[in-house]
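So, here's a batch of structures to check.
Consider the two complexes below, in which subunit A is the common component and subunit B and subunit C are the respective partners.
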Partner chain A sequence: MTPALIKPKPRNPVSALRLPTLPPPARSRSALRLTAAAAEGRLELQHCADCGTVQYPSRSACVTCLSHRLEWRETNGAGELISGTVLHHSNELYYRERVPLRLGTVRLDAGPALLVHLQGDCAAAPSRVRVSAHLDKSGQAVLIALPAEDTANMADDPMLREMTSDPKFRKVLVTDGKPAVGQAVAMAMVEAGADIVWVGVAEPWKQAPGFDALTKLKQIEIVPLDVTDEKSVEELAGVIGGKVDILINTAEFHRTHTVVDRGTETARAEMEVNYLGLLRLAQAFGPAMRVRAAEGSAPATAWVNLLSIHALSALPSHGTFSATKAAAFALSQNLRAEMRHAGIRVVNVFPGPIDDEWNQLVPPPKLAPVALAEAIVAALRDGIEDVYPGDVAQDIVTRFRESAKVLERELWDQ
Partner chain B sequence: MSRASYEGVVIAAPVTIPYVRYSTKDAHWFLGRVLAALMKSAGIKKSRLDGLCVSSFTLFPDTAVGLTQHFGLSPRWLDHIPMGGACGVVALRRAARAVQAGDAEIVACIAGDTNHVDSFRQNLANFSRFARDAVYPFGAGGPNASFALLTSYYMNQCGIEAADFGKLCVAQRDNALMFPHALFKKPLTLDDYLNARPIADPLKLFDCVMPCAGAEGFLVMTEAEARRLDLSFARILGAIERHNAFPDDPIQLRGGWTLDCDDLYAQAGVGAADMDFVQVYDDYPVIEVMQLEDLGFCPKSEGVDFVRRNTFTVGGTLPLNTSGGQLSVGQAGAAGGYLGLTEAVRQLTGHTLGAKVEKARRGLVSGFGMVNYDRGLCSGAAILGAP
Partner chain C sequence: MSAALLSELAGALAAGGVRVVDLSQTLSSRFPQIVLPPEFDQCAPFRVEEISRYDERGPGWYWNNLSFGEHTGTHFDAPVHWISGRDLPNNTTDTMPPASFIAPACVIDCSAESARDADFLLTAEHLRAWENRHGKVPAGAWVLMRSDWSKRSDPVAYQNFDETGQHTPGPDARAVRFLVEERDVLGFGTETIGTDAGQAAQFRPPYPCHTFMHGAGRYGLQCLANLDLLPPTGAVLIAAPLKILRGSGSPVRALALATD
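Then we have the complex of A and B:
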């Protein structure tokens, strides 16, 4: 059984910091489809539309019938581990620091034989396993076999932890903890085993129901943070920037303002929080997190952005808000590209309407803050990069992929 | 239809450019040295060459084409064979047919690679699309992990033990101690083998070849031409190749030889029992056992008994890898696919550099190469005979 993770000791400030290295990131264009599915937590392999062959590694023609009609479809990862090894040596720096390391050959019930990482609890070959695709530290998909049944402390496996960002024993900053969403996220982090949860508060005088109860938890530390104020962001980064393992940016400003409504004040205020706030946070906290990305057993690991499903396709009735979320989405993609060199995962969360005061007039279903918080915890634990929590988000992302133009028209009247 | 014979075509002038662990020279340098050595050995000018066949992993961005200009050659027949451990046998097959057909008179077959301090790692990273997509990202630097998985599977299926693999490695080291080009100069004991540091379970240090730099070459021509040049030579009695055999086997337990070995012996008119020595491809000992089975030296899955019954040393029963093989000489990239051939010709012509198999009349040389994803794809074998 995987030994339970032990709470990491603080780093000796005199000892050399272990610098982040990455597993090999290069992939063919075709193989990036494995990454695209893994980013959302799915194992997808190439299926031949003509003969049904499931194949791996990805090819440009069907290995059975040479058809070019190859479709990436979700694939059952059940299979048999037919051989295993423990690697004691690697030519890659990243793996040199991580040997010994288990690898195996799994024959999927669906057909192909896969080279996979082995979670430590997989029984010796021959044994039943299930294969899943995860993003590794380089942000590209790799395969890992898990035992057929869950085991205790399964997530504490060192290789699996390389691919996930479990909040357990981690130090988390929730940038705005006063609204319902921020409170729910902070509470979920405490429940997930976070060591410290810093909760940012921009307006200490403001009352918010439930907030006092949250502040009584021993893991919670209230910190002053106003993302619209560069000085405030930098001051906090000066105090805790070198310790944050997971940053969850929940700060959001949301009004129902359309494009032709007079005035730019609302748009400016939304931009200050939703776009420039993220930019300020990235500049103040990003560099320190990158440096600490390989430190000990619970290094800096993830950055979560609360976006909106309307970052993909705008909702005219919430026009300026949609625009700021689209801007934040673009910023976040760039942040992901820059954090990748350290292996820090940037998670984008695209909820549909949240059940809060700014969506009063939006008909149900709406996403409860607690459900949103649970989705963030699950994404961190499962190593997912793009999260579409709830029925509305799922519905809209599916329609977006079917036809972005059709969706644009349909959103006109919502 | 039976395969046409290679009658009238011979292999001659085996040359080796001594191996070094690391080199600051490039592949072109090693290939230039081996070409010059071939010309010297045959006593001809390079203008007499009208065929050239090249194998190298570290020649990028050049191919055999670039080498014609690099070396000032104007061949009327040119081939580049990127088949790693099978390149020697395949080069011999291609060149022999070209000479037989009159497309070329004298073909120089050369293989060589350099080994810079970091070139091995870089070659691995760019070896193949499948390796880049589905092997390299897992930390499996090179074929070690693939062969560890294969060895582990084979041990489970066939009951062979580490000491059996060790016996092959020790026997080859005994052979290597007399071979001047071997990079490993010290005797190896079974204890040394069994107690070596682990690389990828169950593989330990002496199961794995050591990458190095070097080159090998030979000439292919008609027997009449060889006699005119007063070169000693060996005959080509039979030769086979096969690629990506048994793609549905979930893990490799057999290679392409299984499909073609009856043809090989029929073409040669001899059987496995008639071989005075065998040079098998030895990137890992499990592959040696696989070849002995697949080439009919013993039934499938009975390699373990066969290994226990034979000594494999020169002077013992079934001399195997008489120069020491890659496990003791070193793996000079694509030259590893030639090592068995040059050694076999030396044994059959009596011009050995090291241990000599007395009265050797026939020998089998086997090649295996290119772990594209999870298994070696190319297999080949040739039976050579004394004139």
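Then we have the complex of A and C:
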């Protein structure tokens, strides 16, 4: 059974820092579809639309009937481990640092045989396992087999932990802890076992209901942080930048402002927080997190951005807000590309309307801040990269993928 | 007027017989800005971002870009700031007569009262009592309300918000009307974040100092500091707003000349 993770000791300050290395990142265009599904936590494989064969690895034609009508569909990962081995040597720098590694071949009940990592609790072949797709440190999908039934401390397996960002024992920065969402996220991090949760506070003279209770928790440390202020961001990074394992950017400015409503002040304020705030955080905290991404005992691991489902398709009644979230989404994609060299996971969260004071006139269903916080914890634990929490977000992302133009029209009157 | 007067002043400044007192707060992102209810557009806070600092962005020089609202830091309110002063002549930062940027100052010490009661209101009775001790407020003078509020270095204490809003001292409506109508003052200055009291939105009329001062073409100064270093009378205040085209106000480096 996987030994329970113990709280990591602080790094020995005189030993050399272990620098980030990556597992091989190259994938074919076709194989990137496995990555696309894994980014949302699904195992998808190629299914032949003509003969029903499920195949792996991906190819341009069906291995049974040569049809090119291949569809990527969610696939049940249940199967049998038919052989296992332990890797003791590798020429890849990344694997050299992580051997011995358990690898195996699993015959899925759906048909194909897969080469997989083996979670440590998998019984020797032959045994029943569940295969799931995860993003590895290079941000590409790999397959890992888990025991058929959950085991105690399963998530503490070293290879699984490489692929995920469980907050347990980690040091987390929540960039704006005052609003309901920030409070809920900070609380969820404490409940998920985070070692320290730094909670940023801007404009300290503004009081927020419920905030005092949060400040009394021993894991919580309130820090001054105003993402609209370069100095404030730099000063905090100067103090804790070398310690943050997970950064969760909850800072958000949201007013109901349409494009033709007079004035640019609201739009500018939204941009200052939602777009430039993220940029300032990335410049101040990104480099130190990248360097620490492979630190032995407690590496930096993830960066979470609170976006909006309307980053994908704008909501005209919240026009300027949507625009800033679209800008932040583009920035976040670029941040992900830059953080990948270190294996830092950039998680984008795309909620529908949140049940807060800035969506008062939006009819339900609205996403409760607590539900949003739970979705963030789940994404970190499962190693998911793109999160669409709640019914509205799920509905909109589905429609967006069916037809972005149809969705654009349908959002006009919402 | 002889040129000797200015030479004498220059000599006194150099010799220290005339002190220059800095009445300005340091402009920084730490210094709080005015907060309006969120349904209104807000004054941008003071922000400074580096252009370069002897680095790859500019190897031999250091400079910054600034952004701020007209009403940030120690700042000047022009008459056009308030709707009551919107149609007056010479009511903007670029058209106000420069001679009015240098004027005598009367300092009303309300520090003890403000320490006892954050909602302290300066009344016409207080002003008359002050005049009994220090003489009549001259026409064309600044009246500065000393509350020692500028010594609150913690922004939370400086803003002093609770769920009913801000609690900071200021003048009541009659005091303002007395100064405008019976004393013909140049303007009113405070150490707090507005020339009106924190609760002035509830007054009748709301924001009496803004309403009556600016309605009569008079000025405002707020977020002043070091008023405790000034004598009750005899100081000369120098506060020149930036010459912003049709500006409603501006941060200023407010200075006072005082003799010992």
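As a convention for this text, the second predicted complex is superposed on the first by the 413 of 414 C-alpha atoms of A that agree within 3 Å, B and C clash if a C-alpha of one lies under 4 Å from a C-alpha of the other, contacts with A are read in each partner's own complex, and residues count from 1 in each chain.
Heads up, the rule we're going with is that a contact is a pair of C-beta atoms (placed from the backbone, for glycine too) under 8 Å apart; a residue touches a chain by one contact, two chains touch by 3 or more.
On a predicted model such as this, the values are computed, not experimentally measured, just so you know.
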item: Comparing the two partners subunit B and subunit C, which touches a greater set of residues in subunit A; value: B
item: Subunit B versus subunit C as contact partner of A:P204, first or second or both or neither; value: second
item: Contacts of A:A49 with subunit B and subunit C, given as first, second, both or neither; value: neither
item: Contacts of A:A36 with subunit B and subunit C, given as first, second, both or neither; value: neither
item: Touched partner set for A:V223, first subunit B, second subunit C, both or neither; value: neither
item: First, second, both or neither for A:T266, with subunit B first and subunit C second; value: second
item: Contacts of A:R255 with subunit B and subunit C, given as first, second, both or neither; value: second
item: First (subunit B), second (subunit C), both or neither touched by A:M154; value: neither
item: Subunit C residues touching subunit A - in the complex, by the definition given at the top; value: 29, 32, 35, 38, 41-42, 44-45, 47-50, 155-156, 158-163
item: Residue ranges of subunit A in contact with subunit C within the complex; value: 203-207, 226, 228-232, 255, 263, 265-266, 268-269
item: Complex contacts: residues of subunit B adjacent to subunit A; value: 120-121, 124-125, 129-130, 132-142, 144-146, 148-150, 152-153, 156, 197-203, 247, 250-251, 373-374
item: Subunit A to subunit B touching residues, read off their complex; value: 23-28, 30-31, 56-58, 63, 82-92, 94-95, 98-99, 101, 103-105, 107, 113-117, 125, 136, 138, 140, 142
